[in-house]
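Here come two complexes built around chain A, the first alongside chain B, the second alongside chain C.
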Partner chain A sequence: QVAAALKKGHVTPTELCQRCLALIKSTQFLNAYITVAEETALKQAEESEKRYKSGQPLGVLDGIPVAVKDNFNTAGIETTCASNMLKGYISPYNATVVQKLLDQGAVLLGKTNLDEFAMGSGSTDGVFGPVRNPWSYSRQYKEKSVRKPHSDSEESNWVITGGSSGGSAAAVSSFTCFAALGSDTGGSTRNPAAHCGVVGLKPTYGLISRHGLIPLVNSMDVPGILTRCVDDAAVVLGSLAGHDPKDSTTIQDNFKPFELPNLPDVSKLSIGIPKEYHAPGLSSEILALWSKAADLFKDAGAKVIEVSLPHTRYSIVCYHVLCTAEVASNMARFDGLEYGHRSDMNKSTESMYAATRREGFNDVVRGRILSGNYFLLKQNYENYFIKAQKVRRLIANDFLKVFGSGVDILLTPTTLSDAVPYMEFIKEDNRTRSAQDDILTQAANMAGLPAINVPTALSERGLPVGLQFIGRSFQEKQLLTVAKWFEKQVKFPMIQLEEVKRHNHDVFQHEKSASFS
Partner chain B sequence: QTVTVEVLDHLEHLALVDFRDAEGVERLQKAIRFADQLREVNTDGVEPMDSVLEDRCLYLREDDVTEGNCTNELLKNAREKVEEYFVAPPGNIPLPKLEERDTFLQGS
Partner chain C sequence: WVPVVGLEIHAQISSNSKLFSGSQVQFAAPPNSLVSFFDASLPGTLPVLNRRCVEAAVMTGLALNCSINKKSLFDRKHYFYADLPAGYQITQQRVPIAVNGSLSYNLCVDNKMSQMVTKTVRIKQIQLEQDSGKSLHDDTRSQTLVDLNRAGRLGLFSYFSSPFCVVMEPDMCCGEEAAAAVRELQLILQTLGSSQAVMAEGQLRVDANVSVHHPGEPYGVRTEVKNINSIRFLAKAVDYEIQRQIEELENGGTILNETRAFDAKLGCTVPMRDKEGKQDYRFMPEPNLPPLILYDAKSLPANMNHQQVVNIDWIHERLPDLPSVKRAKLVERYGILPEHSFALLNEDGLTEFFENVVKQTQMKPKKVIGWILNVLLSYLKQHSLTVKESPVSSFILADLLNLLEKKEISSTAAKQVLAELWKGEGKTPLEIVKEKKLELIQDQKELDQICQAVIDGQENEVMAIKAGNLKVLNKLIGLVQRETQGRSNPVLVKQLLEKKLSE
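Take a look at the complex of A and B:
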């Protein structure tokens, strides 16, 4: 809708950019952004305006403000991965996906906050502090929260965004941008999408280039897309997907951007409900929503059947081993020599590296590196690393079998519960939390399949809950079509941000439904 | 079984990262116990999977230079440099042994 408005001249790219920048300033308490690239964004907006004036916009994304997770390289803009190791690091190049967005005329507002090096499920463990879920400040949440006398309820009650792409999810959810890039290795895009009530798409591994995305697990990472509606996600996907000679893990097949049908039809589909996703700890609310969703599809004529993915519960253990192993390898590049933090210790290369890494990495990162190295020791290699790789195949085969038996799409919950308050979340350590929170999203990364979170309803506490659809490899069109149909059925409510609304009445005037396609 | 100090020391050498405190060591112990759950799975006859794209051919391009000459850009991010060189402290000096290192593990 905003793209149409830009075309018709109802609003100009610079106005749009300025409003978003102002909104970012007034929502600073969310801590969603690490770096705001005000000058370059305004310049990009000006260029876009010139193009619109001469009637030659580059495409739907021209002039659209976007945000990018701070583990993507952005030329000339600091890229920190929320770590001391990269504080002050100014990327010399743009990640391919960033370049693609810019080539389409998108306006890059800034870099969003995350868990340090994308390790975590809360966006709470970065050096710039935790990200606050915008829904903490919504009328819907406030109305439902128990009023404690004498307590500074807002300050202590705020809930997490989920992670690790929490900043991106919060940015999209609070209207400061129209789309954001995240990354998804174990659920890092879908988890915060569910908690923040936005659409979170994890594309098939190999569809979108990882060149420029600072890697966590090379065999599972994918750039993720966060938007306020499924159509927007399809548009962004269309501009990002495709072979990249700079990323040898992208497939060479020709990718054709697609538009989703206006009236999707699900009656000829077979929807699978994997029983193992009824995991221990799944809230009864979400279980009920999942069930209702299945009924929605049944009523529409789709075939809804229970299926089994027997190795689901080992997915998180398998991930734990493979992730730490690949992390141990990927983090080895941070030695202080070519970029990033460098310790003053100068006695020898080894002691300099060791000191640099002591100083630069937080507990979570160091912990994973050490665990990874342990699993890769000669005496452990076969029993842990190779074993995990074998289990990975079993997990991938589970999906192949189910999809091979005629099921088109799987329907599962995305998270076990709605967002928890920060004070609750930090009671457990990062690894425990990740193991709990990634349980429903991880297997899709293991098998490389596309998956999407669609905001479904509000919980009893007034917070968003989403459901997940998992599709066949490279069948994003089918996946998004089903997601769009579902989105239309559930009509997820718009967040009502009280304080922000008062200051930015104009913003809300023009962007009622706040989608750009 | 718990991990021995020798192995912990070895890990600190390999990773060039420190455990820092008892919590760090406990973190590893917990991680190992968690990973041990894999033993429950029967993987007889199963091949390890490196990548989900294993059935596809890797893209190869012509061996022609298509970009480069960005020395200045790359050197900008390094803290210590001389002309076109990154400056490193002397190599070939191994990390001090456990007894001589300032590490938490010394006390164990």
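Take a look at the complex of A and C:
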């Protein structure tokens, strides 16, 4: 939509950029952005404007303001991973996905906040502080929230975004950008998408290049896409997917970008409802929504059947072993020698390493490194790492079996509940939270499958709730088609934020989810 | 005591790209000028395998009679060290690209080239691996400057640098054997073109594993010796370590499983860091590199792009002649001795030089070889020149040898001419001969007169000869030579004198 507007000249890239930048400023209390690249963004917008004026835009994304999670390398712009270890680190190169966006003319507004090194499910454990869910300040939430006689009720009542790509989700949700990149290792894109009421797509492992994405778990990480509607996600996917020689884990096959049909038809589909996803702790609200969604498909003529993924309950533990092992390995390079934080301790190389790593990493990171190294010790390798890999294979096979039996798409909840207030969230530690929150999203990472969160409805507290669709490997087109159909059915409401209204423009007012495509 | 020596040899591939990252490779470049983002282990970078390295490893594996694993895996080997930027090394230690080969090499018995013994050492495996950066310890400032240029270079066992490491089983028993084995491997690598394998330039790095035990008893504790910069030092280091261990054990001490560095100046080994016994490397599969799949003619899928795959059979067909084959061919074709063929192959470019001379001269190869190995080679060594740098080309030498063959000059004269030629002033042999008046006297009458004169002047000697003391004839020949200023053909002179004396 906004792309159409740009093309027609109703709005210029510069205006668009400026508006977004202004909105970022007035929503600073959300803490969604770590770095705002104002100068470079405006320059990019200028370049884009020239192209539009001469009638030669690079494509749909030309001039579209986007944001990128701060664990993607961006040349010339600080990349911190929300960690002391990389504070002040300016990468000399762009991640492949960032480069692709820039090559399409997108305007990079800045780097978004996250849990330190993407470890967490709340976007609360980074050194720049927690990200606040924009919906905390929405009229919908305020109307429904219990009035406390406290004067700063708003302050203490704000809810989390979910994580770890909370900054990106908040940025998209609060209209400060039209699309954002996150990363997804155990649900880090879909989880905040659900809590912030936006579309969060986790593509198939190997479809999008990870070159330049600072890794958490190399065998599970993927770049994630956050947008306000499914069509937009398809557009971004089209510009990012494809083989990258710099990433040996991307598939060689040619990728053809696709457009989603306007009137998707789901009557010939088979939708699977995995019973194990009725997890303990699942709120009755979400359960009801899940059920309603299943009925929606049934009424449209689709076959809706209950299926079983029996090894689901082992996935948390399995994930924990494999994740910490890879983390321990991936974090080994942070020793202060070539880049990033370096401690003043200089008695010996080893003591410098130790001090640097203690100072540079938070508890969560250090904890995972220690666990991971433990699992990789020779005496433990067989019992932990190898076993976990075998279990991983079993989990992946569960999906293969189900998809092989004729099911096209799986429908599950994305989160156990709507977003909890920050004060409540921090009562439990990161590890406990992650273990709880990842349960519905993690298996897709283990199996490398594509999955997407579609905002579905508002909870009783006025906060977004989403549902998740999981598809077959590399069948993003089918997955997104189903998601689009569902999106049209549920007509998720637009967030009503003061700040957004203030920076209003026709473009933003158009339709409930102002998309760019 | 039975000493047991095994070797780990890291060879740097002579290719433009480092093993995993596309950086340039150039010796003696200023530190950190050649480092790519991956080598410096900048966060977010990923390893990409270099096809040329894989091919080189396969070639080497085939040349060493190994089985090539059609599927090999990459692992991460973790340890912290200043020259290991990522905190781990990517290696194929667990499932490498080639296993179970052998290398035959030759030893001179008692240093006599004429008595050679063939020995074999088993090749345990060949693995693709990264090499670390160089670590220059600056003790005064207690800082470690890390030279990341070497990081990423193709090599064998090492991290980043060598593309592959050849692991030799402990089948060797002394420094000499180790040196000979490495020398042969060097020749093979150079022949294959997989590596220039020059130790001094860091293209070939050898670590030795040494232990001693009594016959019939299990192997002793081994130490690893590193920092060996030449084949000569390899022999020294190994022998020193063997001696050290024997002495230690005989004095009731024990051998520690440790890493020791060879100190070239002092000619001894000194302890370095603690070795594998105490280190748990926490091996883990490298998640960013899928298993390496190689194909042969049978298993190659029909529609696969030739550029995308490495075909073992294709490589096998294109293997050049290995040194042992080359040597046999030289012996057969030219009738030279086996030890000559060794000497020829040992010097870079010498075989070619020899063959070129043979082509351009009537002199028999058996005689040419003497000139090449005894005269030319010693000149080169004296002046520390390579064959390529020789001021005397094969053409010129052939020219000279032709003069000799035609009996226009004597052997001694030829050597004099060669000395002149060595100055590289551009004169031809013939020019020098004329200049210095070195031509053999062709005039029979003149020669005859001189012989007669000598005989006439040496009555005592003549009598001695006639009495049966034939050795004295040499004195007369010598006198004739002196008279003719070396321009007489000694064979001819001898004939003439004999004829005269028998009259």
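Observations on the model:
Keep in mind that, in the parts below, the second predicted complex is superposed on the first by the 501 of 517 C-alpha atoms of A that agree within 3 Å, B and C clash if a C-alpha of one lies under 4 Å from a C-alpha of the other, contacts with A are read in each partner's own complex, and residues count from 1 in each chain.
Operating definition for what follows: a residue touches a chain if its C-beta (ideal position, glycine included) is under 8 Å from a C-beta of that chain, and two chains touch if they have at least 3 such contacts.
Note that the structure is a prediction, hence the values are computed from the model and not measured.
In the superposed pair of complexes, A:349 makes contact with chain B and with chain C alike. Using the contact criterion defined above for the overlaid structures, shared-chain residue A:311 touches chain B, although it does not reach chain C. Of the two partner chains placed by superposition, only chain C is touched by A:333; chain B is not. Looking at the shared chain after the overlay, A:435 reaches chain B, while chain C stays out of its contact range. In the superposition on chain A, contact of A:219 is made with both chain B and chain C. Contacts of A:391 after superposition: chain B is touched, whereas chain C is not reached.
Taking chain A as the reference chain, the count of touched residues is higher for B when chain B and chain C are set side by side.
Within the superposed three-chain model, A:369 lies in touch with chain B and out of touch with chain C [touch as defined at top]. Once the two complexes are overlaid on the shared chain, A:52 sits clear of chain B and of chain C alike.
In the superposed model, A:361 lies in contact with chain B only, and not with chain C. Overlap of the chain B and chain C interfaces on chain A: residues 92-93, 219, 245, 248-249, 252, 328, 335, 337-339, 346-350, 353, 373, 377. Listing the residues of chain A that touch chain B in their complex gives 89-90, 92-93, 205-206, 219, 243, 245, 248-252, 311, 314, 317-318, 320-321, 324, 328, 335-340, 342, 345-354, 357-358, 361, 363, 366-367, 369-371, 373-375, 377, 383-384, 386-394, 396, 429, 431, 435, 447-448, 473. Here chain A touches chain C in the complex through residues 72-73, 79, 81, 86, 91-93, 95, 210-215, 217-219, 245-249, 252, 325-326, 328-329, 331-335, 337-339, 346-350, 353, 373, 376-378, 381, 385, going by the rule given at the top. Note for the complex: chain B touches chain A at residues 3, 7, 10-12, 14-20, 23-24, 27-28, 30-32, 34-35, 37-41, 43, 46-53, 56, 58-59, 61, 70, 73-74, 76-80, 86, 88-96.
Against chain A, in their complex, chain C makes its touches with residues 37, 40-49, 76, 78, 80, 82, 85-88, 142-144, 146, 148, 280, 282-284, 287-290, 308.
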